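Chain IDs A, B, C and D follow the sequence of writing; residue 1 opens each chain.
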Amino acid sequence: MLPNLEQVQVRSFAPARFHNPLVGLRSTFVGEERVLLPSTLGELEPYLQAGHLPPAFEMAGPRREIFFDPDQTACGILTCGGLCPGINDVVRSVVLTLTYAYGVRRIYGFRYGFAGLAASNGLEPMLLNPRVVEDIHTKGGTLLGSSRGPQEMGDMVETLQKLGVRVLFAVGGDGTLRGASALAQEILRHGLEIAVVGIPKTIDNDLLWVERSFGFATAVEEATRALEAAHAEARGTLGGVGLVKLMGRQSGFITAHASLANSDVNFCLVPEIPFRLEAFLQALEQRLRERQHAVVAVAEGAAQEMLQVGIERDASGNPRLGDVGVFLRDEINRYLRGRGLEFSVKYIDPSYIIRGLPANATDSEYCLALGQYAVHAGLAGRTDLMVGHWNGHFTYVPIPLATARRKQIEPEGELWQRVLGATGQPDMS
Amino acid sequence: MLPNLEQVQVRSFAPARFHNPLVGLRSTFVGEERVLLPSTLGELEPYLQAGHLPPAFEMAGPRREIFFDPDQTACGILTCGGLCPGINDVVRSVVLTLTYAYGVRRIYGFRYGFAGLAASNGLEPMLLNPRVVEDIHTKGGTLLGSSRGPQEMGDMVETLQKLGVRVLFAVGGDGTLRGASALAQEILRHGLEIAVVGIPKTIDNDLLWVERSFGFATAVEEATRALEAAHAEARGTLGGVGLVKLMGRQSGFITAHASLANSDVNFCLVPEIPFRLEAFLQALEQRLRERQHAVVAVAEGAAQEMLQVGIERDASGNPRLGDVGVFLRDEINRYLRGRGLEFSVKYIDPSYIIRGLPANATDSEYCLALGQYAVHAGLAGRTDLMVGHWNGHFTYVPIPLATARRKQIEPEGELWQRVLGATGQPDMS
Amino acid sequence: MLPNLEQVQVRSFAPARFHNPLVGLRSTFVGEERVLLPSTLGELEPYLQAGHLPPAFEMAGPRREIFFDPDQTACGILTCGGLCPGINDVVRSVVLTLTYAYGVRRIYGFRYGFAGLAASNGLEPMLLNPRVVEDIHTKGGTLLGSSRGPQEMGDMVETLQKLGVRVLFAVGGDGTLRGASALAQEILRHGLEIAVVGIPKTIDNDLLWVERSFGFATAVEEATRALEAAHAEARGTLGGVGLVKLMGRQSGFITAHASLANSDVNFCLVPEIPFRLEAFLQALEQRLRERQHAVVAVAEGAAQEMLQVGIERDASGNPRLGDVGVFLRDEINRYLRGRGLEFSVKYIDPSYIIRGLPANATDSEYCLALGQYAVHAGLAGRTDLMVGHWNGHFTYVPIPLATARRKQIEPEGELWQRVLGATGQPDMS
Amino acid sequence: MLPNLEQVQVRSFAPARFHNPLVGLRSTFVGEERVLLPSTLGELEPYLQAGHLPPAFEMAGPRREIFFDPDQTACGILTCGGLCPGINDVVRSVVLTLTYAYGVRRIYGFRYGFAGLAASNGLEPMLLNPRVVEDIHTKGGTLLGSSRGPQEMGDMVETLQKLGVRVLFAVGGDGTLRGASALAQEILRHGLEIAVVGIPKTIDNDLLWVERSFGFATAVEEATRALEAAHAEARGTLGGVGLVKLMGRQSGFITAHASLANSDVNFCLVPEIPFRLEAFLQALEQRLRERQHAVVAVAEGAAQEMLQVGIERDASGNPRLGDVGVFLRDEINRYLRGRGLEFSVKYIDPSYIIRGLPANATDSEYCLALGQYAVHAGLAGRTDLMVGHWNGHFTYVPIPLATARRKQIEPEGELWQRVLGATGQPDMS
């Protein structure tokens, strides 16, 4: 079921009171264009039959009239959660666009996520300008630092008011965006005019209404290098098993896409497709007997039901996962040891190498666009929204809609069917 | 204007006579699903108002019933035109999918494009199987070799018949696809049952109804390396100008996307956006006076009206272009020489390095999918079609629709507006 | 103390009976040239004072007269021990040089190390020729497969005789070379004319009289990528500690060189330089208090005395090491937890990614030379030797001399002094 | 003939008057150690027979006593000539070592080479410190900018005196080093106490007494990518010829090493080995007839005698070369056109891409060392010297000795013999 028209409507300060400084420099502004949520005839048909317009997102882009006066507006930006290739590209793009397109002259970089917004932590914000951010995209990580978890709401609003920040950009994942949404709503409740704009960051690519999140292409690229190494190890010994754990707490997108980019993977294990351990081990043994080596890619969130997982959660509220990579390595060793086969399991966990990379060209371009469109949204007075990408267009999406649940691989969908075709793995459910 | 329903209809041999060998192994087959051509409310509205269904492509994927008996079917594949990262990935995917998914046992690799299909050239086809193609995707180029230009129609049909080829896969660009379409229609006219399936290859990304062609992500990635080098050269001397010519005969997509991925570009020149030479040179001079260096990215097809171009055409029928890179280098030198500035122009043409690269992960996955879907189409009896990608789905597109004209950058569209935002280049028209 | 003249003398079958087929094609053959072991005046002086010639290695290269008749000679090659970038380059170079330079027509690739030489294992050798090895260097790993540990001597000699192998090339590390030397000596004892030529493979670069072993440059290159990621993680959070474990069982060369190539490392821990855990932890805490983040690079063989290590050994006879990376991660967490600091430790173990890479250009060239010189040695009848590199020249080194002990970092030497200069780490002994 | 003892003697201000601030922090200082110039017994023997000590370089490293008082010493650094991977690494290393090892507090970065030292040009120096240089090594090019050619001597000395600069570091090639030497001697003539330390930069690796210059490993790595692309192009068409022009004005080291790292090169053409055009073209034709494709690597300085070269020189005094790449491309086309072959020549010139890259790990480590040793030399009062690398040790080499002539490939030496072995190219002289 697609969301209804109200759910796709972005909140906005109104009325727009200023001319966009781009007027006269650019010929094109975005007006009433909207991007269809349906992409197939099947999704569209119920609306056609009911005689209703289908739901459609506001298209991202500069508006001819804006809400905030760039001359009088300070802006802030913060980055939360785990590292992801491209964070610095986004920060750089926001700063360059604020400066060169709109002439905003005061930009604060809050340190270590929401923590830097709560005065009680004593973390002074950095002053950002084009010179400071000029080359930061050539390094991975985040210039501003990051942290997990929320801060006291009043404390944060007070900081924004004290510094005169009128638009806050928050780069982060599911938890961060919920936090940003709560902050935006608190601000609205107080009748303040401060916009909060989210820029979705999830290396797992598991946010709804975002076709591909930034950093994802880089992550898949590097993940395939780990898979190539696993393949070399596997082929290098009799009965070689190369086992690679990849990121993906609730969604196996990195693992699935990397298994398609490196078509030497024989078993692709993701959270969305449960499997029986015994069935997997038997299939693995059969593969070794027939072909002498095997490559296994597993998402960190797979097979969690087999692990003795407590209910501990990290500061972002994500449940702590058991280590499925170590678990599988040990189980494979245990199982094969009694089977009269020569074998050797090599286990690779490249997660922290992947997260800390600079963005590749695909992601770098994407981050630039996210920063540009986030700035256009914020100055136009949109709030409680994030920049999305849907059906080939950048969009503005209400945060509550995007965080309603996680995006996941559909077992019947084309992605997983392609994985089955490429790996040739049997049904192990 | 979007095409009408008839124009999006793929031709097909019918009725399907065999069960897909995947039945029992996979749960999902593609039925009547269709992918919308419109992606915005504005594009959809005329259809809503007229009470018509909007045009929609057939969705790519395996069909439960197929036309050709895999046991009795030989297949062929050929690659045409210039090199492009990923050709070997496509060949490999076609061979692996034919073999493992369908059990096809005779696969011919025709040498050097259509030339290998014309017996008169004496080029024996290679026999392809999984072992032959196992590692070919780790090398750039094309295992099969390539050539440009058409061959005698009857000669090609005779070869296909003699070898018992029932499905021919043709990997190539605009010209190749037209050739494949002509061949498919000639075959239909003779009442023969041989399917011709196109796999679109255009490093310029200029084919209609293909959101992103294979090799394009790799090309942009490498193009940004050239731009980074140009930036280093430009910053390294007083008045440094780094000038990079990139591929793009009629469409500036590589140049535009690379200029967004490497945001140090100050001037992005593409065929779709004419400029006056004098305006460009003056803007360049002003940039040098203010910032001491500049980076210029130019698509090979830009500014052709300024060059003394004849009407020569290459074997594919593409007009031979004048060398805009050398032209601009000389014009910049000529113009600046008299302006009392210290300056130095460094000119880079990375085209042949880019074309010959192996595919990156993004392209490699994409090529795998193209090969898989091409095989599903061919065995199901579709002909005179190519595999497309639209609104997030793989599709089957009649070749005549895809080759009706070139895809180009729209001056008012979001891509070019983002380029203007990133480069800050003035209006030079 | 440098070895004496006898110790540097390579054993050789004599007299040379055939003209080198290169005669007439190449102008240069190596005659009596020898490469000095001393490289400083201090090392040379004792010999000058005593009026003795200093020790000098036989220089590698083709000999005008050779011992084996290429027309009648079958050759074999095998690869042992862990993966290392460049193994396939070496195999390829041996095959190409045997074929094109000498015209050898039968080349066996024994599977999975010495195991493939013992008939009892039932592993059929591969037949190698230029077509088979053409592109293998573009993949990491080893085409032939590898294993650890010795095989029964008589079994191996019998295989060599049965197949008519006259020259055996063994690619491997310390253990493999000892095995090759034992085999060579057994062969000599039996009065057989079979040469055994070692090609030193040690990703740790810990073989004597080999300035830099193949794969080492690639390993350091990739290790710096892990260190960059660790740096990004460390800078990305308050109190971030990036901890990277690198290869180096008894010698810290990879860790030291990577710490110099990536000069963001603050603590470089190697087996040769013992440290007190408490001193390290205190220095780390101080660094975090002053600079908020730290990067630690540790060689796998460091701090072994702190770990509860048993006396288990692997099949090559190497002692199994305790996991110093996991140990340090836990100790850092334990220590910092009580210190009133915010902190976060990110641990990276890139070893299996590094080992499985294809060789970079530096290593690829080096591997080509090793293969060329190994072939020149073998056909000339040299045996029980390995190809070394010393004072800028390729050399022939008796295996017993090279395996007498491990090469290690000298605490007073220039390498370690440069590390101290770059990291600024305090004395923690 | 090796140089005599006097020629290897570095000039030095004396006596050393201050304790090295490293005393107490480091255990090791360099005393009287010297590095042998001879590396073979053959080179050593004349000295043994004559009863003379062989020539040996002063070993690089920190001295226990130094000449300049770090507290009172300002230092300067400049970079000259063409770009080369690693320049920023060197600048960074000099700044970090001056600051952290010696406590020097004023460091000037002169802009655009010697031009920045001549007040008349009005180019203000940058103030350098660890924060400014922290991440510069991740970008190619030179932070300081570069230029070619000399400046007026008195003007430069005056700037140094006015700013209180006591040690000047000059990063550059043959011409720059001559300039630095002239400046050092002018300073000595005036009885001033200003040291001039050269850091050899030559992407061509053509400086005497420097085994491998910085940037060279990176250049070869990237050059092989161009050769791989050329190989893909060559194999991709009937009669494909991939032609790559590489750097190397008077010495073909990049071309030779890249031809060894990428062993698909069939013809390697360098300045040191003259060839007849007709012989080359005939051999190329024969290769095409036998194998259908060929890869040609040519150094920019090769075959200059065939080109209509004037006597123009650039600002560094280097003669302007004719473009051998374009020349060969045209000659191959001209020759083959009449030979009844299908063929296609693809020409690649990657020079400006290579020059502008950041350094790889091998070069990055090497640059760090060069900077460290240059600082040790300068503070110890050495002048008119450069840092060299010989027989595995870093050394101090009088500039006049290093610039006496260019290092070149020896036709009879092991490098060229390996090239002949790898390419299989015939004698074309």
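We take it that contacts are C-beta pairs under 8 Å (C-beta built on N, C-alpha and C of every residue); 3 or more make two chains touch, one makes a residue touch a chain.
This is a predicted model, so every value here is computed, not measured.
Ranking B-D and A-B by contacting C-beta pairs places A-B first. Using the mean of the Cα atoms as each chain's centre, the chain most removed from chain C is B. Once the centre of each chain is set as its mean CA position, chain A and chain B turn out to be 29 Å apart. Between chain B and chain D the centroid-to-centroid distance comes to 42 Å (mean Cα coordinates, whole Å). Contact of a single residue of chain D with at least two other chains is seen at positions 139. Listed in rising order, the residues of chain D touching chain C in the complex are 26-28, 33-36, 38-42, 44, 48, 53-54, 56, 59-62, 92-93, 96-97, 100-101, 137, 211, 217, 220-221, 223-224, 257-258, 260-263, 360-362, 364-365, 368-369, 372, 391-394, 411-414, 417-418, 420-422, 424.
Listed in rising order, the residues of chain A touching chain D in the complex are 135, 138-139. By the touch criterion stated above, chain D contacts chain B in their complex at residues 83, 112, 115, 139-142, 145-147, 225-226, 228-233, 235-238, 242, 346-350, 352-357.
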